[in-house]
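As written, the chains take the letters A, B, C and D, and residue 1 is the first residue of each chain.
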């Protein structure tokens, strides 16, 4: 019903020194990362060198049952993945982790990100007789590592060699029969971090919230370019590919990550509150109450309220029972049924000048509907403030933004026109500069390519057109 | 995993002047009332005098499919119900609405509340050869009406006569082949209200949020004791049983109802904010931040913050994907897995004196876990404030409070002891007087029996013991 | 895909002297009676006076799961039922056994048959304020017994009194908190028999095949009009309603019952073989091979072969995997897809004169398709022989024959015309006299109403038209 | 409940000249081949070069829904597969058809059989950096073809080259973006045949019964060693690998194939009747009736009866409702519950000397139970006759016979001992010579390795031990 930007993927890994219920831990970890991908998920377990896997289309709670978890059983390592397909169509062969057998044994790989040289890699391997079961670029990473493994003295050495050929964004967790290996592209587009369990085992996770969720403790982020090897001998770090300048996706802070996660030392909740506060400074307005669109706009709304001294209010109730099984009303009933998902608390906004905070506008239709809802319930004025800059450019590093045809910021030339479409009394976006201030304290740069069109590394040639066409054709 | 007070039931009815998609509207209405009962649900449709029904155990989204809604089809009336069983075991025969055929035709009934003379009524009818398919007191109401109908000149007249024999709490919606009838016990224990659709049809609903959800407009509450008849001739009100003093359940404001509902002219959200504010006056404490337990403690937390001028914070993230299909970790894993459902935003509370607001304490184990979570994450002090008085007595009017053995306020003599059990630095409940101030502006009294042990009407003799035993035996 | 006569119902009961897994035994019993009703099923268990039930729409294997059987649990009695709805639409309220509570406690009833005075009974009870949850005539039987129970000194006495008012066909199994009671209408339209378990408990079943299936031993048939009471004191028989002349449905032998069942001392398999033999005598034809339509025509085909000395052949393979989940090909594909369900063994029939045996023709379309299949595969001649007389009249005693509009024997005046429609080289039915010869050795009469239009008892007035209309309207 | 020999796999392909509902045809075809594999199934469709697939664990009726068939949609080619895993554990990655992308585009492969040099092939490809997603030898075939395709001028030429390296049994159907290719190993261990649809399209199928089922007409068998290419230009046959002597599995006639199939010009039903007749000649016995164990023993029983002139009888009723959802009785109940699956028709065997025909004995426990069942029901004597020789050796060509430890013919030295274990009055197997007489009229040899231990081609070295161990470890 509502338009949005699709999150991309979440990876999770666990290494324990003795056989234990790693499949159950991975299951809990994936539940905590579910917001990063809702189309499919999977877990592979290593039990004394034997790999077992269970994967499927759907949410973690749909794919895994008591039976399938019991079949996965105990082991000393597991790798899990939640996915929203950014490349490859949504079929079972694309579900991760990818589990394969090669000359040196089994290997499982979970990947978050997007390669920018996937088609070159694919052609190269196909010319050597390779067959591809999936349309996902993750299989390219697997082939790259496996082909290096023929010469390399160890799996981590194969990863190290393969990384010379991989371009783009990749935060990965790889499981071999005896090692769990985390590795992150040199730009560190996507987050990846390390935790320790109560029994001294290690956790690899896209976000720290999953480390909390399984009762483990956060240690540190994996560095951009780092290869972290976990084995019976403990931790070993390979930093050949680490370089000074990284470029973390700014949208992880503003939109993707869970507010209780901490990335590169900055709390996501704090980053969003700060975005709200910067927005209040950049685009103040006289009003009676500040409300956020649940759940993504709440943190920024609180920041805006603190900075502006305008009271924070609870403006909406979201129906928490509406899930996939909800049967959408027919077109004719839809107009009247808007409020089934999101209802206004009239008490909060009636007769008032309202500042409405959201984290993004994609197509604009949802924002328009929400503004109308507020006005219909008696809001005197509605001032929409977006805690991110406007999307105007495609992302090549793991995010599935809508096609240019659909992006309202591409369709209209001015913010004024967008405001009119949405029906708000005023509209302002966070500035790109403002977005960068979130990470003022970090010594790494942020990628803002989707806002600025300036990308930190080379992007695929002649690909933009195709990517957009692909979206349209769906 | 978490202990709580079970909500009881929600009723929904729709009358349209021409055949239309009333089953779909009822479906949306029940989605909005789902918080009032999650064990079972059902819808009965009247299509030109022919009744079709679909009922089942589970949530609205589980019981109803595209197919079952299509089979219900169009009609000019529908009655729906969501249920948590307060009497009668949880089997399919107890699922409402109850649909029966009697001498004058079909009849469907949806009921929220509890009769206090159910066993007397049952004996009376059984002595006349009656058979009972359910163990629910709703079937007693049906027999009462049907037996009066033999003499009465109309179905509403039968309801009127039957009400002389019904004792206790009942907010009902009845569907005959040509009329939709809402009736409420003279004490008005449970809410019931009226709305109007865009096409001039009428909605009956336990709460106004469902009227909003289906795109209709709120008109007014059904009065305590009122019988409201909706037919082709429009609305007709029978007020024989209306009396001055009603006694609405105070817990509807504090706990049961949805914040976006308005009952007797008072916004539930506003009532909760007010409860928080009164609590701040009654039990102030010096602190750095006020946070609420999501979702039920958020409104009162905001009220406490406003009154005390202590900043409001977002303290927790609730995992919104965890539903019925979640496979609970084993006992040994459970301790570490607390945070899978509710994680702390460390940024908000670390190193701070925290005021934690919740709407109730039942067994105390959940509160203890949450306080520990905050302390483990660095909270300097945790001051627990409950926006309701302490539960100490059973409810006979439609609420399923836990047994005395389990209620922490019955197990311990003093608030100090409860505080120690929970591990908070201080603890305070809203006073009973404070609870009544919520409805200062209302000219009707509130029932506070579960806090005070003083009930507005006679309660079943020798029944208390049984009720509590029943809970234990479950 | 194929037209047929719907079987009606199967009842099963078990009484053990000590608590045991009666629900599992009932489950097995219903599996053996599944051919008597595939629309819904249910089991009620009595565990020391407490009744638990599980019922649902679908096959036994669909309705019952490991979990639901475990919830039913152990007990000393159980009653089960499989159903095809002959009266009452197919909704959950009509699923049997009906379990109710009345003045003297719980009662469960499973019924096979049809009352002929159901509407009179219903009016009578409604005039006393009765409510009906189902549209099934079984609820009339329950009301009749319960109303007699107010005066009667025991439940069996109530059944005895009630039977004075019940007209039509009823083979029932009733469970009270301490007794299991089987009773059968004085005409004994439907079968009902008694068995003994290895532990000395008793089984009541529509057919003896279910007694075999649960590892018990057949004792005897319940007599027409008999009330058999099973309790801790053992067996007690009440024969007030037993009279000389019974009228068992001849179609039980020819079509409904399972070949391994024995009814009134005659093996169903033997009866069908005999029908085939009589048919061979009545309507001989020169041919090379006798084949039966699986599975129902095989026994009669063997009988025809023995009598005629023409070799028996296996003419068809039935795809045993095709069940409810089979997705029917679209109309355009259907013609070519006939053979997916039933394929010809060409070897058996190619170039031969074939005698094809089936047990009935309803609409004739299936027979036509099968004859065409044989001819397309090279059969030189196809002589269709039906091991039952032609259907021409409705059944009022528990069988759901198609409407007169659809019955081919009503649409055409002569057998010759039917033969032409079907495309066979010759066609003959078993004569009505021939059908009666099946039971030559029995001292009870058989009801042949559906063939002859002559019914052993009075049928409902003005009902025929309605019954047929009802079918059309479906 | 019953022990048996697992069938192996079934392949199905369709080529139409214009886009049509090929997925629905493949679905019907797989239903007809379901007896060849019940663990998993899949269909891949080619729609103008685009491949869509749906696969899953379970029966055809479980894996495919209306939705999944609609998603497969129309196309001009499809390949389907049903599978029982003879190699590779039973996980989703092993489900066929295998669909991959290689340098020249898409390719789907369905395979029935077993390679004998799979591990050599696998090592070879892994040394070139290959990754294997499945543990099935079918992926080895794919790699072999794809690696030849780099040099070959066409896909059929690649198949031709690859066949020089493939050893063992393979009857395959391959789909490229424009061609459907059937190929069969030079020994022709497994059947494969060609049919033509009403619209002039072509069908490839493991058995002719599936050609019938979809309304197409049988043309001919694919020759051992033949590569048959179906494209827009029609049929093209490559016979490089065709040689004089083939070795079809004799067990296809005796056990695997459906009786209505015709393989190499011999009707399977006729072959089984002939086996029964030969058995009657080899091992006659004086008796009153010949009965077959349903369904597999019926054809041979009829043959035995014809040859011996002893009357054929219907001895058993099989409960056709018992499927996967059947909940097995507990151990203690099992003994009494034997008859739920198979019940005796007492009428047929009571007081008689019975010849019981079955097609095989694996562990012997089932046969023992059936013999006991007959004796318990009054059979005077039971003479067991098996319409196949005794299993004593493993199959390397696509059949999953039980481990030596479990095979009764390996456990006991003499037929006399087996007879005693089973409790029959006499026992005889068909002789190996007798088995060969089935195909007297064929000019091809039959493989009887599982009976004689003599294999037509080299078998894997040191593999026997492993294969048997694998079974034990399961």
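One rule holds for everything that comes next: a residue touches a chain if its C-beta (ideal position, glycine included) is under 8 Å from a C-beta of that chain, and two chains touch if they have at least 3 such contacts.
Only a predicted model underlies this, so the values are computations on that prediction, with no experimental measurement involved.
Identification of common neighbours of chain A and chain C yields B, D.
Checking C-D, A-D or A-B against B-C, more than half of the residue-numbered contact pairs recur only at A-D. Averaging C-alpha coordinates per chain and comparing to chain C, the farthest chain turns out to be A. Remark: chain A and chain B have CA centroids separated by 38 Å (rounded to whole angstrom). Rounded to whole angstrom units, the spacing between the C-alpha centres of chain A and chain D is 47. With centres taken as mean Cα positions, chain D sits 60 Å from chain B. Residues of chain A in contact with two or more other chains: none. Taken together, the chains touch in the following pairs: A-B, A-D, B-C, C-D.
Across the complex, chain D meets chain A through its residues 53, 55, 91-93, 98-103, 107, 123, 125-133, 135, 142-143, 146-147, 150.
Chain D makes touch with chain C in their complex at residues 21, 24-25, 27-28, 31-32, 34-35, 59-62, 64-66, 69, 198, 209, 212-216, 258-260, 262, 267, 269-270, 295, 298-299, 302, 306, 311-314, 316-317, 319-323, 325-327, 329-330, 333, 335-340, 343-348.
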